[in-house]
């Protein structure tokens, strides 16, 4: 049994990691840390009563290190970078769910996250944990920069068209809509039930920290430096991200042809599902899973491609993808526990 | 035009007061205070843009006093008592939505609210603002202790049976369910959207501060000191309280007879609606109103009366009832603006 | 008092009409019809108990005609056209909330609504009921084609830029998100609570019947025949439509300049609120109102304008706008009752 | 691998059965039937895409029988009884999620369900599938009458006190609150999203069909014929039932003593969790599980016991319990797949 530790067990990504790792046949949750007073994890999460006997506390990285072969950092950005090097030096494998090792250009990271990177030398060692793109590198890596939630859906949705040079790189519009858990567990008035139940709104228009991450990966795929337009919105539901992406076609193809491009691109990828013509994705169909559902509509006479992707922001957008990465790193079946 | 001031404009009761007073034909909102940095009230509440030009700030009681004939205190308990005397001494009328002047026995207040009362001499001057019970006193009063949300529904529901000595006073069970706005606007993890969307739970069983208030008023009505069992629950919805109240009958009557008792008791009361036999109240039917809907079912062979009441916790349970009280105090039509 | 009749009182638009007309100081609800068995309207809508004594039934147009000066048709398309002529011939004023008289090209109507128009001669007599565009015509008209919900937000959002020839007419993208009441009250599995609570999805991509209506009005404004891309989505909330509209600029301006264009265009329009720079609209700020909130962001280096509009689909998107039209037709203050 | 068939695959209980059986290591879903046109189950439930290739149609019982060792009947009452005998005669094991075999007194069944029982001779062969009560019988049975959702929570909550003769049997009040999925998937106006989002209401007071089922089992436990008061309410959430149960104590005990009674009664029962003193159950803690969480508060001076139970109506209240029964019947680990 692989012994795993989780730092940041008190957040939503941490909780979701516990939920799935608990049923993972090859894994034992060995250590849980969070910035809380010491308590049984079944007190922190009463749904765990009878299922997991383990305490959770603000324990030292050293303590976690000793007990774990693989450590998940479900920490805020700026915090992960303080712990990752210690685990790596001790020969452990690290899967970081924060943004700290995602951005390869440290200048871009420091600009968007408004902090000095404390261990830039580790950025190059990190592999961006999107298995559909970097599986071979993930197998050999010790440090995974697990993708952000919005970027996962946006990148998987745009990549096939960009790879084939079928879409204009200057005018991509990604209109994304996220459930509330994406905003994390720290209490804020804007996240309260009463404030949100009948509220739908855009925010951080072309100003969200996930934008440089999308730009980085889509620039790689397309072979040219591009900048998307990224417009996130908050949906009054618990989980799920649906992105409606608008791309201008360079070459006129029809929906059938586009579907073939996508099916070829994601051939053999269990967790990416290309929906049949006329079918739209729905967040509820991917809830609590590692799937990314992709629907495509082409309007040839308008040179317009509309790509719609649905993921669970805590699933393929965070913890499930992190476990997929763990499975790859340790040679397990990629679907194990998912 | 009556000039009104609102202290505590940044909470849900304060916001609701603004909403209804804005359309009240006899009233002008003259002054708004809240513990926030100074800003236009239309910035605090963007829905007000174009409708109300007024700033809201942490202004002094003196300033509000000068501008207002009637002051609503939509403040937390313990805070209202610091301001009410000043307004009263200046000859203003005060409608307090906190609990500070509701409990006539200062010892009971101090026990349940865990604070020393700062101006107990004002408690006797206050009238409990349930118009259906105290209309004549309200007319002549300068200080209204506006009822709590749970107590409003519970008291209105039990009173007719108790007044007529038809129900046992020792075994009343009030199983109440409240929407989330009842918990106020101060951010807390337990009130976040993601925590609540699929959550239903009881809390503070026979330990909620509204219980002594219910006991006080129902003791008055019944003529004997009684203690109810009060079990509140949190419902994943914005507004509304539904109370299902179980009473043991002292005398066997049927549903029709009980309905007559209720209709007689609330004769002429526009805001209390007795539902026909077989009809149950629903929180959505009283949302954003000052109505209290009451449904009654008697099971004669079980000596059981089930009384169900629905109110909007911010409506009849707070701000609308406060405006009803204002209407009475100033001789307006009781329905004006409601 | 103006006597009004409502056909289609059992749908959401009909219910909302009752809600606002009940408090309209110049109006008396005289007659209610719906395809239901005869019952008191307070049985159909228990929230009306004590507020409105009137029966609602499947009564004849003749009967409604006799009792009403102004008739609201809150009917499905294809049904309104069967009744409007009768009322008009009797000299009554008609405000039709269906699509039957909105599309000036009867061929377009018949194609999209898959029905033969029964009284095409009335289409030219109808005025499209968007007061911000057609106020003078509305004053003199007897037949108002009240705008659709999506079109209201989309047209108000795009018009100023198109009027000034500032945006490309070939590449407009309108990504709209609607609350569930927009789908009406006829039971369907896809509209059930359990199906929708955690669901967010696009539907009818460039295939929604509101698209030709948007095209018609924006073609008028811009002076050239245009076709937008219209992508609606369903949001798990009761009310509200937020549209995020992407336009390519013909001329480089900045956000401030764009805001000035919008403020000039909507000068004097109480119900259209242009939000300050950096502020995004939110459906909750326009809930239960006739307001349309518009936010604008320009990205000059990308030649991109992002316009966001929020309305209540039953407010400015249906019944409140219908009452605004009535106010204009009968010479009342345009804000009366709203 | 055990081959299972599901009749009624298009309802919520059927869908949930598929969800859990899909991951059950000892089971293969062999056949799916529903009253729908023939389609891939992944079209019926798009979340299944890529996970299960099987068609679902209105197939004959014979066809299902041939392919399955164990058949789940996730059918409406009145329908299950038409199929169960056929499967049983063919030597298959049947787990019926309807009410058809739950009520041992056929007269009571026929009165409450308003239908003549078609095969009363099978009622005695059926075992009421509450494993905590009837495990040994379930092991040997071919026909399980899987408990109703409300009864599961109510019975598990009351049994320990009644068994020990600690509570009065004449005055039990079960105030239950259920999520909307409990009402099934057949479209109805009252179950629409827009109708329910802000609605909380009681219904079928002492008139719900689950009441005789609760009475039957609690009469067994207590050794005397009893009738509870059962008051269900509808909560605007997807899943979960919380019951707040009020019992009059025959003998004064305190909360600690009561907790011991419950812990002893449910000793070794993995799926019943007795919460510590002061902790209340919450539906979200049992969502998508087979757990029943029980909280207990005793008020000795009022002779009142308040027992609160939380289950998932589709979990322990339906499909998960059905799988628990299957595990027992076929000698699997009781927790397998749950």
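The first chain written gets the first letter, and so on, giving A, B, C and D; residue counts start at 1 in each chain.
One rule holds in what follows: contacts are C-beta pairs under 8 Å (C-beta built on N, C-alpha and C of every residue); 3 or more make two chains touch, one makes a residue touch a chain.
None of these values were measured; they are calculated from a predicted model.
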| item | value |
| --- | --- |
| Reference chain A; chain at largest CA-centroid distance | B |
| C-alpha-based rotation, chain A on chain C, 0 to 180 degrees, nearest 5 | 180 |
| Rounded Å distance, chain A centre to chain C centre (Cα mean) | 39 |
| Gap in Å, rounded to a whole number, between the CA centres of chain B and chain A | 46 |
| Chain centre separation (chain B, chain C; CA means) in Å | 37 |
| Multi-partner residues of chain A (at least 2 other chains) | 179, 195, 197-198, 236-238, 282, 284, 287 |
| Footprint of chain B on chain D - complex, ascending | 170-171, 173, 175, 177, 179, 195, 197-203, 205-206, 227, 229, 231, 233, 235-240, 242, 244, 246, 248, 280-284, 287, 295, 297, 299, 302, 304, 306, 308, 310 |
| Of chain D, residues touching chain C in the complex | 12, 179-181, 185, 187-189, 191-198, 236-238 |
| Contacting residues of chain C [partner chain B, same complex] | 46-47, 49-50, 197, 270, 273, 275, 279, 282, 284-289, 291, 293 |
